[in-house]
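We call the chains A, B, C and D, going by the order they appear; numbering starts again at 1 in every chain.
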Amino acid sequence: MSDRIPVAVLGATGAVGQRFVSLLENHTWFEVASVTGSDRTQGSRYVEAVRWVVPGDIPAKVAGMTVRSSDDPGDVALVFSALPSSVAKEIEPILAGRGYVVCSNASALRMQPDVPLLIPEINPDHLAVIEAQRRRAGYEGLIVTSPNCAVSAIIFPLAALHAAFGLSRVHAVTMQAISGAGYPGVPASDIQDNVIPFIDGEEDKIENEPRKLLGAVGDGEIVPASFVVSAQAHRVPVSDGHLAALSVELRRKATIDEVREALESFSPPPEVRDLPSAPARPLVFHDEVDRPQPRRDRDDQDGMAVSVGRLNPCPVLDYKMVALVHNMLRGAASGAILNAELLVSRGYLVGAGQPAAVEAGVGD
Amino acid sequence: MSDRIPVAVLGATGAVGQRFVSLLENHTWFEVASVTGSDRTQGSRYVEAVRWVVPGDIPAKVAGMTVRSSDDPGDVALVFSALPSSVAKEIEPILAGRGYVVCSNASALRMQPDVPLLIPEINPDHLAVIEAQRRRAGYEGLIVTSPNCAVSAIIFPLAALHAAFGLSRVHAVTMQAISGAGYPGVPASDIQDNVIPFIDGEEDKIENEPRKLLGAVGDGEIVPASFVVSAQAHRVPVSDGHLAALSVELRRKATIDEVREALESFSPPPEVRDLPSAPARPLVFHDEVDRPQPRRDRDDQDGMAVSVGRLNPCPVLDYKMVALVHNMLRGAASGAILNAELLVSRGYLVGAGQPAAVEAGVGD
Amino acid sequence: MSDRIPVAVLGATGAVGQRFVSLLENHTWFEVASVTGSDRTQGSRYVEAVRWVVPGDIPAKVAGMTVRSSDDPGDVALVFSALPSSVAKEIEPILAGRGYVVCSNASALRMQPDVPLLIPEINPDHLAVIEAQRRRAGYEGLIVTSPNCAVSAIIFPLAALHAAFGLSRVHAVTMQAISGAGYPGVPASDIQDNVIPFIDGEEDKIENEPRKLLGAVGDGEIVPASFVVSAQAHRVPVSDGHLAALSVELRRKATIDEVREALESFSPPPEVRDLPSAPARPLVFHDEVDRPQPRRDRDDQDGMAVSVGRLNPCPVLDYKMVALVHNMLRGAASGAILNAELLVSRGYLVGAGQPAAVEAGVGD
Amino acid sequence: MSDRIPVAVLGATGAVGQRFVSLLENHTWFEVASVTGSDRTQGSRYVEAVRWVVPGDIPAKVAGMTVRSSDDPGDVALVFSALPSSVAKEIEPILAGRGYVVCSNASALRMQPDVPLLIPEINPDHLAVIEAQRRRAGYEGLIVTSPNCAVSAIIFPLAALHAAFGLSRVHAVTMQAISGAGYPGVPASDIQDNVIPFIDGEEDKIENEPRKLLGAVGDGEIVPASFVVSAQAHRVPVSDGHLAALSVELRRKATIDEVREALESFSPPPEVRDLPSAPARPLVFHDEVDRPQPRRDRDDQDGMAVSVGRLNPCPVLDYKMVALVHNMLRGAASGAILNAELLVSRGYLVGAGQPAAVEAGVGD
């Protein structure tokens, strides 16, 4: 019998939900114990409900599970949410109220001031608002969210530079992969031999989430950082990997060598380094003149690295550079799993009624 | 017998050279009378020297021509240059010295202060420096150049906004098509399912050419406009069509309606409107939320339109937008042909010894 | 006032329906007078009902039309059907019963023995069964159909070879473009950097339609030709243009020069040559070692040419070759329009109550 | 100190050569001890001589090696050849003469009757001709070759069917990935949004190599099997993975269940199963209606699986199906490494003067 922590995947038939199912197959701490889906798929076996689009086969154990309703994920303490935003908005608070620890990839609650928008290497201190979140909403469980996939690309260099010099203005132009739109997502007729300069709602997320991610813990809520971001989002004919052309203005002027040093020396806090999904080097700096590139760099460190390169002075702001993330891994499912690992490591699952499993899990 | 003006295409076996040959097949004023190529191809028949990559077949009349040396284009008054920059730098001045009118798509001499970097709809007044050019260099002919293909995308909205409000800062991130690299150009292994955030020399051109294009005629030379441009250039897996995400800061503050009005009302000077290759609307403004797109908009008005859309306020500068050009047509061969048409219309070919042909041509 | 023949486009909001609307904008004989759509779009203006995916803009006149129900296309004599097959099966007979001349691109009735599966250059004699069709079904109008888009690629070389030598066995492997799946059609996530060796129902059509197309007129019905076809259909990441690798076994043995001569000398019957949409050379034979190719050859003769090349001996059957068609033009909307032109030219619209318009049209 | 067998990679700067270098980095038996290249690169450090196009970084140990001449690979017993065919033809016999064991991916000597064209799971008995090879050519070493990359896709199902029923005729239409052309290989301008129905020399290889691969050991040479193959090769815009649509005629008629059983039960001889690079299931049979697909199946079992699916009756021959291989792994470098492993396991390196290393290696 497994001593892994049983978890549920909400919205498990979608593209991100499938990634959760796939990534958790051999996870050392977590084990998928239930999957949920829409009204259409509830009650059917997962293998029949899903149009599997993720590399490899459906994990055999999950294939035979009966798809449950998302408001009833069963006897687990931790749920990963890949729900559509409109559904997440209703369901996630209900589940947190019932005691579930919710690690959500949905956008619905990301900007709520007492819900951490969490990246363990960047703002683990934001977990401090969970107490206020529970008080405010009467949750026995809790909700943490992970950021938008394109934000996951730019936030690592921004975090490094904000810590070192302070940011005042950021300009970001993204070139985003097809998989970021979910499944079926973008019709091939639209994107074949083409670029689409529009992704619904994306620019707003890119302009706002970084400020919360690099914000400060105030009185029971996150106070956004004060820089401004301008975003222009594009869909490009690439399977996986979001690329962003960044230009930044720093509060404290810095030489290009100082900027480069700040990027190269980025390292996560000690408590994060040994989490199962934490990459050795979350920010990889490239000197090659033509990197990072989606196809060549997206899989670095199991898709958990953010690759940064083409650092150059910017005639308009201060410095420009290019950043890349695997949008389905660091930018979605793997990122949320790392969040859950931090929560377990911090002991948040104990109150949720799974102490034995947690201890077993953490001891691995 | 044709009364079209005989012209030569220099570097006629390359991708842009082929476009010249193709576009001139049915041109009402010009007719290809000679083609030139590298040492390797000289003396062979064009049909055997060329790896034809342009739509349609090789024009029959040109197919049988013997490829000449680029420093000896024969008995024509006008030459279109698609030479590599390093070759153009040597050959074009020699030809101008011998009396040829050189319309060049090469980058070699674009930034020379007394060589017009010409777009007829934008800066026909720059032809005023030709007199100084001839004096300085002792040319009997002359040289005019057409801008970099990515610059051709952004210069139309920049021109409209600079005229209306003055520009102070411009940020441009380009997503450029494969054909822009010439032939063989980018290996498919590099760009398949990928984006390459580097095009050699391109960012420098995008940062400098717009300032000359929108500069003023000074004492025998063009004085660049004083705004600054920051550029980040990317290659994307698209066959034709360069897209640019632009953000601009204006000297005189303007409402979004004023900006939009400035873009929509852009119109060329009267002398340009009736040139054979001039599009009815050189700048097409799009209200649709997801336009312009390379595949859908690149062929607008025979590839001579620049399409602009996604006008929005920019939190960092003032306004952002997206611009698109067909890099091989407006951005290369067709643009240079339009330049030649303006030169003919202004009478520059007369002194070059082809008055009869010119008059016949212009009368069409 | 226009003296063009008013026509309706059924299923006008789909990808093929849009092509009809676009192609008919400047047609010399026909003019779109009404458009129909599904329950969801009926009653709304076309411009609001359609997600326009065809090059160029929506024709202004059609943009403002109110979408009608497909069983009530209004006061026209001729309808082009781009209906889904299941709908076509119900609606097309009803309309033919009411006196409409139906030119259908749907697959529903293609294999019905007394419904011509028509390509004017190949089997105009099949119109002879219309009389039987009308008798059997009591139609005042009539139905003709056009073949599957992939069949349109292979049928031209097959027709040439069947006429010259007789076919006994045909092997066809297709590589089909994205647009052939309609809109939204294939998710980009499925086809990006990929080939899908399956298109639902396609192999069956490719194995059966050619036999009817090259069949003989029997007693009021088409008797299929007796060769057999084996098909394997693939979707490839190409926007437009279906390519087919063909291998054929001939009844009468022939040299490669004879085969080549049969392909090169293919020419349509005189009555077809002057129809407005008829290409000068419906079958274009290529000697180049690497042609035809979708991107380079699909637009030949306004997309009405079928390009054939790579003729070689086949060690298994007799000869192999490659054929290409623009699946949305010759292989769909343009093909059906050519069918309608033949019907008009033959006088089939007269009985349908539009004699004046027809005469005017044909006289153009 | 490593006790791995030192090997050389000939033509190490090319795309396949890079794959060898990458795959051997962590190989349990072999270790790259020298790399060779063309005149242009000899004498420079590998990291400077190579344009690295393979996933991941250049192995640190190899990066600093000085590129040697291919006719002087240094103090190793085993060489992997990724030489261009014209060079391989000269160099490989010289090296075999000097005592090197040559595992070649080049096509030069594949069809020589006493040179094994080897796939360990299929024809390990062909090693019997090595003795004759050595006798004939006076080699102290030996040469074995691995097949063309597209042949690697089709040969597994062909081997299974030939063993069970005998093959008489085979029709193969391939859709081959970009990486198969090496680097720089296919210009993106040629293949973007396109299919090219021509790969120089490929059809000839596909028509001939399978017959040798499934041939019998005769008197010191391989006697080709007597079936015939017809091939049509296409390049498609896919990064990796060659797909082939196959149709086969069997000598002994079989039901579809028997054919399926023959494919599913394919298994390698015992001596091959435990070689380090041998996949658990070299032929994977798919029941899904739309598999195999390049992007989804090429990486199965580290790219050493051949995936087969879409088994259906063929109206022209007997059965049709689709097969897929990762052209750079099983179809090139990994396949050649597996060959070398079989040679080591059979003791062929002992006589080549590296007995200690071999014994250490095999003992792993």
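Assume a contact is a pair of C-beta atoms (placed from the backbone, for glycine too) under 8 Å apart; a residue touches a chain by one contact, two chains touch by 3 or more.
Remember, predicted model here, so these are calculated numbers, not experimental data.
Q: Between A-C and A-B, which chain pair is linked by the larger number of C-beta contacts?
A: Output for the comparison: A-B.
Q: If I compare contact pairs by residue number, which of A-D, A-C or B-C overlaps with B-D on over half of them?
A: Duplicate interface of B-D: A-C.
Q: Express in whole angstrom the distance between the two chain centres, defined as the mean CA positions of subunit B and subunit C.
A: 40
Q: Roughly how far is subunit A from subunit B, centre to centre by C-alpha average, rounded to an integer in Å?
A: Once rounded, the distance between the two centres reads 44 Å.
Q: Give, as an integer number of Å, the spacing between the C-alpha centres of subunit C and subunit A.
A: The mean C-alpha positions of subunit A and subunit C differ by 48 Å.
Q: If you look at subunit C, which of its residues touch at least two other chains?
A: Answer for subunit C, listing residues that touch two or more other chains: 192-193, 237-239, 295-296.
Q: Touching subunit D in the complex: which residues of subunit C?
A: Checking each residue of subunit C against subunit D gives 169-171, 173, 175, 192-198, 207, 228-230, 232, 234, 236-239, 243, 245, 247, 249, 289-296, 309-310, 314-317, 320, 322.
Q: Can you tell me which positions in subunit D touch subunit A when the two form their complex?
A: Within the complex, subunit D contacts subunit A at residues 55, 192-193, 239, 295-296, 299.
Q: Please output the residues of subunit B touching subunit D within their complex, sorted ascending.
A: Touching subunit D: residues 15, 53, 178-179, 181, 183-193, 237-239 of subunit B.
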